[in-house]
Amino acid sequence: MNNIAFNVALPLLTAFLLPIISNNSKSAARFIGPFVLLAMLGFALAYFNMLEHPIAIALGGFRPPLGITFHLDNLSLLMACIIPLIMLLLWPYANKEGYREESLLLLLAGSASGLALSSDLFNIYVFYELLSVASFGLAAANRTGAAFAATFRYLVMSGLGTVLALTGIGLIYTQTGTLNLAHIGLLASQLNNPVGLSAFALIVVGIGVKAEIFPVNGWVPEVYSTASPRISALLAGLISKLAVLVIIRLLVVAYQVPEALNLLLVLGMLGIFWGELSAWRSRDLKRMLSFSSIGQLGMVLVAFSIPGEAGMFAGIAMMLHHLIVKPALFMLTEYWNGAIDKLKGAAKSSPLAAILFMIFALSLIGVPPLPGFWAKLLLVNGLVEASASLYITALVVLLTATVIEAHYLMRTAIHIYSKGKKKQRKKLHQTPFNLTIVSVFAVVLIVALVTLAPLGNKLNKIAAESSDRALYINTTFSTKQAPMRKQTSLDQQMSKVQ
Amino acid sequence: MTWVIALMVIIMLAGAITVLFVESHVSAIAATSAVSLALSVLFVILQAPDVAMTEAVVGSGLSTVILALALFRINKNHGKQQSEQNDA
Amino acid sequence: MTTDLIHWLLYGGAMGLIVIGIVGVVTLNNIFRIVLALVIAEAGANLLLVIAGYRFDAIAPILTGSSVNQLMVDPVPQAMVLTSIVIGVGIQALALALVLKVYQNYKTLDIREIHQRLSTDIDSNSGVISLLSSEQPAGERPLPEPSAQNETAQLNQGGDK
Amino acid sequence: MRNVSALVFASGLAFLLLVITWQFVVGGAPMLIGEAILQQGADEVGAANLVTSVVLGYRGIDTLGEIAILFTASTATSLVLSSLSTKSSSNKKESIRDEGTILASSASLFFPLLITLGMYIILHGHLTPGGGFQGGVILAAAFFLPLLAVPGRGVNHSGLALVEGFAGASFIVIGIIALFQGNAFLQPFFSHGEMGSLLSAGTLPLLYTAVGLKVGAELSGLLANLAEIGEIVPESTDLEESSLQTESNGS
């Protein structure tokens, strides 16, 4: 009785019932959230362990191209495991008033799992909207004027994005007459025209609002510096990766054409350029980290734009690395929220935090023994091997960005380690609880460092599997659920594939 | 049939442009409502009765009410502010 | 000929709505109007989807005694549009709630002013000396400092609870 | 600066969309899944209204996501506006105005009519156009009209929470029951019945009832939150006022 649909259904069910539960018993309402997340983790891990080859699950029992399917391969299950894990780490255990934030977080967890698993274009859109609305609520949960204004700008940009994405989905539907990703992949040749390509561009820009892609990331610094650090960590670490995941699924399955890859490459390069320069110019830690997050996601995008397995490998590595490092750094801003020159003496007041900051910063720059170096090396290798002039330009941009990154992160580190006034130091003290959370991320990073070789092998396998277009399509159409009643032209088409 | 469609499309686009340029917020809400109404007629013509019904009920009904409520609250506050300024 | 014309009208109408809505969102200065423009853009996208499922001389996808063997329009885009209309209204309500709160805090509906106040607020919250605040004409609007203090005070209160 | 870049972006987009319009092949899109659903939807789901079989059958989880979005929007709205509603509750006595008798009585007259209409539309969703969303909006209107007619009446928020919680939960529970019967999540069960009769199409009417109640409760909550008869005052004065009130109470 183990079904991955629980990963979506259970958090939604709990979120629906949370107001009632909280009316009756406040303590039950506080414990049920983490409990549901643990259950989600259990379901995802159970599938992850027994998965030998990708499978597709038809929801509602309807044969794939008609109904909605969930696609379970190593990449999507990995994300499905990471979602409850990160949520558990960033859960507001201290929050004693109200159930609303917990409810929104559970909805976020459910929709994020749906987004990671779903292989139906419109279903992805619905989960994406759910994710958006939940994140608006969380971003405004601070209830300051600045948070409301920042959330409003976020909402407008995101709303614009969803209109564009919906238009893109509509265009794909007019060209192919289907919504299932695998079926679209089958008909990919019909999308290799101006309409199909602009549909891709619209969806990339639309979904890219959450993925902090270049032209639509104006909200990033505002929201991340007005929302509470936990929420910023969640949005920058987890949610952006899920949006990227949707884009690469579409790219791998339906758009293996140079135009689409070049679009991602150019957007990625602009993102790196703009993000890192703005991070260099910014004078407070929160905004510096937000802009650096834009730059890092630009690098992820550049990685995925390298055709074939190498790009996928580098992209997944960059993505996972950023997923660990950025939330940890954002958690540190809980108490180090001021301007960078006010961080003087921070190392004295909480030395462990300073060491952790150094580890994460060095890994983000890509200093040799740390996992960040290895991820960047993969990206550089991929770019060199791709060897088109545009990729070499990207290489130059990447290396320049690394230098800029090193400069601003080390500038911050110097401030942290320099002497400060005693009075100021007190404010910079990190609580043990916060430090524990950050340390967990650091432990994960160090474990990744120790087990680099087996981890690399595993990631390579995941990359090979998820960059295999034919595998994705065959998986979806080999689900044996719900008998067909009548032979249609669609079935003949399907039988041709198999 | 063609002329009905043409009329509705023209009403729709004109309403949309009105929203961008008209001075008063109330007229803008009315124009949005008109766009929804024309849209729901188009949905009927396009053989989508379910959608037409939803658009009529939600788009030109509910959404207009929500917009009007919000505007009402903004205006109320605005009036209050101005009177406070006058008092001062 | 008429079919050509109808297609042009419909697609033109849908794309027109989307374009007008998007132009509105990016150029309008009043945040209440921006929400309206967003609603219009969404309506355009919905129309586009319904058109995608339309075909000529077909009837609505409802089975009755007389509809056997008759051509029907595509039910899938209609189901999608049903979903997206209801999603749209939810987002619209949330957007308006935010408009109310922004207006309550900043007492303006002008997006440029809100943006400027927002960046001064972020600057003063983090203790960065803002370049913008010196450019603001004194006396025209309340100075950012007191409001920022209010906010930090609120923040602290929230933390204490 | 903002306007220039925004205009460039918008005009680029407009150009793109108009070029696409030019590219469309006149004569309609291919209808692959649509055609298949038209052919076998009646057998597989058993609803006369094929849009309903798509909404609740083939794409049931979309509908689940959609009611979740409404729930999220309403939760987020009440989170955003919550300081206002607490204030308005303290001011409720002042804000009761002298309402017109005609308005009030006609509102109470409309109430049963609208409820009946809403339930009718919800229950016939699998047969005729209409269903949970449309009926739900009408239910919300039924609850909202008295509120408009008699300001200061207030809404029973805990009752609404109960309805929306259980309606949403029952949608998911119906889906999970199918799972425990060895089928897939949200797979329709029960016999299809005779096509076109009220008790047909398996679990679809049940699901649509859940959707209708959920949408109705959600939207009433949203409207009540937005319409709560309170004035928007800056939060600083808000605090001052409340402190003044407590002082006067104490003395």
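Chains here go by letter, A, B, C and D, matching the order in which they are written, and residues are numbered from 1 within each.
Please note the rule applied: a residue touches a chain if its C-beta (ideal position, glycine included) is under 8 Å from a C-beta of that chain, and two chains touch if they have at least 3 such contacts.
Please read all numbers here as calculations on a predicted model, not as lab measurements.
Visitor: What chains touch chain A and also chain C?
Guide: Chains touching both chain A and chain C: D.
Visitor: With chain centres defined as mean CA positions, report which chain is farthest from chain C.
Guide: Farthest chain from chain C, going by C-alpha centroids: A.
Visitor: Given the contact rule stated at the top, which pair of chains has the most C-beta pairs in contact?
Guide: After counting contacts between each pair of chains, the winner is A-D.
Visitor: What is the distance, in whole Å, between the centres of chain A and chain D, each centre taken as the mean of its C-alpha atoms?
Guide: Measuring from centre to centre gives 29 Å for this pair.
Visitor: Taking each chain's centre as its mean C-alpha position, how far apart are chain B and chain D in Å?
Guide: Here the centre of chain D sits 19 Å away from the centre of chain B.
Visitor: At what distance in angstrom does the C-alpha mean of chain B lie from that of chain A?
Guide: Roughly 37 Å separates the two chain centres.
Visitor: Among the residues of chain A, which ones contact at least 2 other chains?
Guide: Correct list: 122, 126, 129, 133, 136-137, 140, 143, 148, 164, 167, 171, 173-174, 179.
Visitor: Which residue numbers or ranges of chain B touch two or more of the other chains?
Guide: 48-50, 54, 58, 62, 66, 69-70, 73-74, 77
Visitor: Give the residues of chain C that touch two or more other chains, as numbers and ranges in rising order.
Guide: Touching at least two other chains: 12, 18, 21-23, 26-27, 35, 46, 52-54, 60-62, 72, 76-78, 80, 82-83, 85-87, 89-91, 93-94, 96-101, 103-105, 107, 115, 154.
Visitor: Chain touch graph shape: choose line, ring, star, complete or other and state it.
Guide: Shape = other; not a path, cycle, star or full graph.
Visitor: Just spell out which pairs of chains touch, all of them.
Guide: A-C, A-D, B-C, B-D, C-D
Visitor: Could you pull out which chain D residues touch chain C in their complex?
Guide: Per the stated touch rule, the residues are 2-3, 6-7, 9-10, 13-14, 17-18, 20-21, 24, 26-29, 31, 33-35, 37-38, 41-42, 48-51, 53-55, 58-59, 62-63, 65-66, 69-70, 72-74, 76-77, 80-81, 84, 128-129, 133, 195-196, 215, 218-219, 222, 225-226, 232-236.
Visitor: Considering the complex alone, what residue numbers of chain D touch chain B?
Guide: 49, 51-52, 129-131, 133-134, 137-138, 140-141, 144, 219, 222-223, 226-227, 231-233
Visitor: Would you pull the chain D residues touching chain A in the complex into a rising list?
Guide: 9, 13, 16-17, 19-20, 23-24, 29-37, 39-40, 43-44, 57-62, 64-66, 68-69, 71-73, 75-76, 78-80, 83, 158, 161-162, 164-166, 168-169, 172-173, 175-176, 178-180, 183-188
Visitor: Using the touch definition from the top, list the residues of chain B that touch chain D in their complex.
Guide: Within the complex, chain B touches chain D at residues 48-50, 52-54, 57-58, 61-62, 65-66, 69-70, 73-74, 76-77, 80.
Visitor: Can you name the residues of chain A that touch chain D in the complex?
Guide: My answer: residues 1, 3, 5, 8-9, 12-13, 15-20, 23, 57-62, 65-68, 98, 100-101, 103-104, 107, 110-111, 114, 122-123, 126-127, 129-130, 133-134, 136-137, 140-141, 143, 148, 164, 167, 171, 173-180, 183, 193-195, 198, 201, 215, 481-482, 484-486, 488-490, 493.
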